[in-house]
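Chain IDs A, B and C follow the sequence of writing; residue 1 opens each chain.
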Amino acid sequence: MSPSNQSILQPELKLQEDLAAFKKNVDNMFLITMGIFVFCLQGGFAFYESACVRPKNVTNVLFRNYVDSSISVIFYFLTGYALTFGGGENGFCGTRYFALVGLPEDKMAHCFFQYTFAATATSIVKGIVHERCTTTAFLCYTCLISGFTYPVSSYWALSENGWLKVLGFQDFAGSGSIHAYAGAASLAAAYMTGPRHDRFEKDGKMNNIPFHSVPQAFLGSFFFVLGMLAFNTGSNGSITNDGDGIVIAKVAVNTVVCVLASSMTAIVFQRFVFERSCWNFEVGLNGSFIGMITICAGCNQYQNWTALIVGFLSYFVYLIAQKIIIFAKIDDPVGGLGVQMGGGFFGLVFAALFKDDGVFLQPSMSSANTLLINTLGGITIMIWGSGTMTLLYFVLRYFNLHRINLSEEQNG
Amino acid sequence: MSPSNQSILQPELKLQEDLAAFKKNVDNMFLITMGIFVFCLQGGFAFYESACVRPKNVTNVLFRNYVDSSISVIFYFLTGYALTFGGGENGFCGTRYFALVGLPEDKMAHCFFQYTFAATATSIVKGIVHERCTTTAFLCYTCLISGFTYPVSSYWALSENGWLKVLGFQDFAGSGSIHAYAGAASLAAAYMTGPRHDRFEKDGKMNNIPFHSVPQAFLGSFFFVLGMLAFNTGSNGSITNDGDGIVIAKVAVNTVVCVLASSMTAIVFQRFVFERSCWNFEVGLNGSFIGMITICAGCNQYQNWTALIVGFLSYFVYLIAQKIIIFAKIDDPVGGLGVQMGGGFFGLVFAALFKDDGVFLQPSMSSANTLLINTLGGITIMIWGSGTMTLLYFVLRYFNLHRINLSEEQNG
Amino acid sequence: MSPSNQSILQPELKLQEDLAAFKKNVDNMFLITMGIFVFCLQGGFAFYESACVRPKNVTNVLFRNYVDSSISVIFYFLTGYALTFGGGENGFCGTRYFALVGLPEDKMAHCFFQYTFAATATSIVKGIVHERCTTTAFLCYTCLISGFTYPVSSYWALSENGWLKVLGFQDFAGSGSIHAYAGAASLAAAYMTGPRHDRFEKDGKMNNIPFHSVPQAFLGSFFFVLGMLAFNTGSNGSITNDGDGIVIAKVAVNTVVCVLASSMTAIVFQRFVFERSCWNFEVGLNGSFIGMITICAGCNQYQNWTALIVGFLSYFVYLIAQKIIIFAKIDDPVGGLGVQMGGGFFGLVFAALFKDDGVFLQPSMSSANTLLINTLGGITIMIWGSGTMTLLYFVLRYFNLHRINLSEEQNG
């Protein structure tokens, strides 16, 4: 190339660099903005859970919500982020960036965004064991989840070298790695802790404990919607690659479509098919929650009408999960078990079934393979989640630290 | 051009394309972010309305808020978006994109954003008929508004080929197409339903029913402010065209200026001119609401000081509207009728009067014409809104489905 | 240059201009989005303060929150923005843009964003004198702060020509210019107003008045977290310069790290070292508040681990400040004095100590100089804040307008 041409090209190269730097900035802005929105989920948990428990325990519930978003900061930044995104080729967990040491500066926004996810995963468990779990047990599992077990299974599902990812596991916004995981961990915790003393009558009938404050429950649910819209949208991770804008729009629309379909199905079936009594708000809210979770795994890949189908089916997942939980006499004050574990696991299954090149629309070896991997992956993650939690509770039970005594439980 | 020059130009073309794709992404991010904020309005309606009604009806109010944001998803995506933005040259309504079929992928973000507007329009009516409207009637008008009547009048005002738009109708953020429309529809619904049994004494005196929870009302109002800032800002629709950044900044500043002017006028006049009793919070909140609505139509075109004038005048619009409503014995539990209809309509008028090239600052044939079109357009939209609603209620009344019976009303 | 080359360069120049315009748009989007989030702080003040006072005063507290965000709009736009950012070389205050006249269009977004800061500064004082301050006094100091005293000291700290800035004062997100300032002004107001009649027993013992609604306090705190994340992030002022993305990510991570460290320290020390009774939620919340404030001044310059240290130390600042305030029998219903003044001032000190090139990590004349300037600057700003407020209260006390009478105080 002649010198004169070179001088012409130089400003062009500068433009290219300039544009690349600009894009990085915008990506960071995207992650930070969405991260702040995702933080709304913490408000969601706080208000929804505190509306579900009895008034005597409200302060305690809010306090724990507050503490666990704090603790998960320490542990996620100390070890969690490193275990999930610290590279490594062992397939089991990451190996760099412990205590964020050596973290490249341009990954900091990603780190903040992922923290809001870890805080979500950590928050879920506590809801299920409210009103009977000791503070010691609560602190132990909060540290364990945010610092070790959640990050490890996230590595499997999200990291380039994660063994599930390598096999073809598809989980866009954490149906499996967050919700199925946290649901399974909650199940183990709830089972090992046992039900509240007044939850089941001697004849096995369950005492229903309604919201003590409907506006508070509504506020929680409202924060959930804000948070989940950002949760799914932000899961795209960037906004400057070709087509990113289209993906996040699709995700947002699919999310509202699925949530609506799921909650409307819940309300209509409850009113006209099952109980045939008056409209039930709580059922509707739970319907919308499971829709939010089921859609996660494939929200970037559904057509709008398949999102509608996913929403419709979600309610039945919830219904069956709920029946099993009650039958097994597991006590779940906030109704989160069926929503998280059922929704998370079937989110993975539905993603493999209903996405554009899924089993349903394009049956093939490849799509069947994805279905298999997603199913097995979901099961593995749930075994990991419940297994590690059970181990922890064996220790806690040995020292009799897992449960408050009866008088405390009665007095709140 | 010589071949060597061509090869120089190629990277340049690539850069151009790259930049264009990047801009699309950022536009989508803008619409999704603002859309999530606009969704805060749903929280606003829920908490403000539930604070206005009596405690026995709180759950019902929250439930309806929840249901109507769900239902409007279905109907807006099925037919609403198509009727408003589906092109078509008939001047009456759009003709493509039913059930979002054939929607170009890069319009999905716009579709999500517009859904949050449709949910707003749908939410407004329900507030006015709280505490006496049947669930059947509620479901009917929710479907009608989100799926047909609101989209059609929006087409008139917003679509390239809409007959009002063609005539020169100017309504930046939906003063007319959303607020005047929904206000008029609410008026029809409230008139056809009749007042609550204990709203007016036999001698015609109105029983004032104060907030049962001031913090809840405040929370609602707070969400309104967050939502309306995004509502007006996002109405610009893009952020990557020349001058977009300046427009959204102007919109944000004008919105807060107008809201403040309107609410301060309300508080001061109520305290020192009209009732001369103690400060009245409810009046102040209503003052800020009407400011939020009046500013919509021209918030991109006012100077800051004209926004101040608009805010000042807004309160008097509210005052007069409120007097008429009480005189006509129309029962409005949330005080939304005067705010929406008065604010919406006079928003259109003020926009034509006070914008930079409006009647007030630059009297001319052209500005007079805009004033005429905005006035007539507003009236037409209101006739459309109230007319279609009246038709619906004739049917509902025929089957006696429009109103709960007295004992239900007394028990909540 | 040959003509042919020129024609090649032209599209390149166009691209450059295009990119520059695009960047301005994105910067504006950043400021507006963050500004809306910062507005969440207003909700934070409203709900936290109203939870701290007694139920009889809740409506009054919410009303004042509402009024002061309105009034600060007028006064900040009339004179405040001009005094801070209106250029001028006198070193004391700005001289242009009064009533926003002559404001370049591309500064409008900055103006909106800065308004949300001014509204924050204005909101802080009122909390400290709740339950006894007259409406007249409230209106007077609101106007004074938003229109004159806060803008002037902000000019010193932020404007190119501000005398503190010229000397090397470093205050990224307003530890000094907002929090130390407002804390000092609050101290003066609280001292001049005197304590509530039932706050201190005759023997000097303080009556503790707990939250009347824990969920409301939690809601307030939650809005504080959302708002402060945006407050610190947005303080960067732009997102399109090289490295902006990295700065905002660092700021977000440092903010959550510091808040957590501070609140965990508070909870643990209160539980195991000081009172040794049960866990105390209120202490934890105050711990997180002081963390949010201390981090402001240097959140763009800390390593993650220095942010942790800052958070840890913050709690002790709070502890000592609180002891002094109680010893001096100053009544502070919301516990904001120690948080704001202590946190604000020590935020400045810590920034000079712990930043990368600070006294702690790189002792040098230059870093010692920054420490000196930050300390003296903080003290000057606090003298300015408390001095102007004291002058105002001398006038108010002269006319006996500073405090409601005892019967009003008892009845609320």
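Note that in this section a contact is a pair of C-beta atoms (placed from the backbone, for glycine too) under 8 Å apart; a residue touches a chain by one contact, two chains touch by 3 or more.
Nothing here was measured: the structure is a model prediction, and the numbers come from that model.
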Please state whether the interface between chain A and chain C is built from the same residues or different ones, using more than half shared residue numbers as the mark of same. different
Copies chain A and chain B - rotation angle from C-alpha fit, nearest 5 degrees: 120
Geometric centre distance via CA averages, chain C-chain A, whole Å: 34
Check each residue of chain A and list the ones that touch at least two other chains. 8, 12, 15, 19, 26, 33, 219
What residues on chain A touch chain C, complex-wise? 4, 8, 11-12, 15, 18-19, 21-22, 24-29, 31-33, 35-36, 39-40, 42-43, 46-47, 50, 58-59, 62-63, 65-67, 70-71, 73-74, 77, 99-100, 105-106, 108-109, 111-112, 115, 135, 213, 216, 219
Quick check on the complex: what are the chain A residues that touch chain B? 5, 8-9, 12, 15-16, 19, 23, 26, 30, 33, 37, 214-215, 218-219, 221-222, 225-226, 229-230, 233, 239-242, 244-246, 248-250, 252-253, 256-257, 259-261, 263-264, 267, 279, 281, 284-285, 288, 304-305
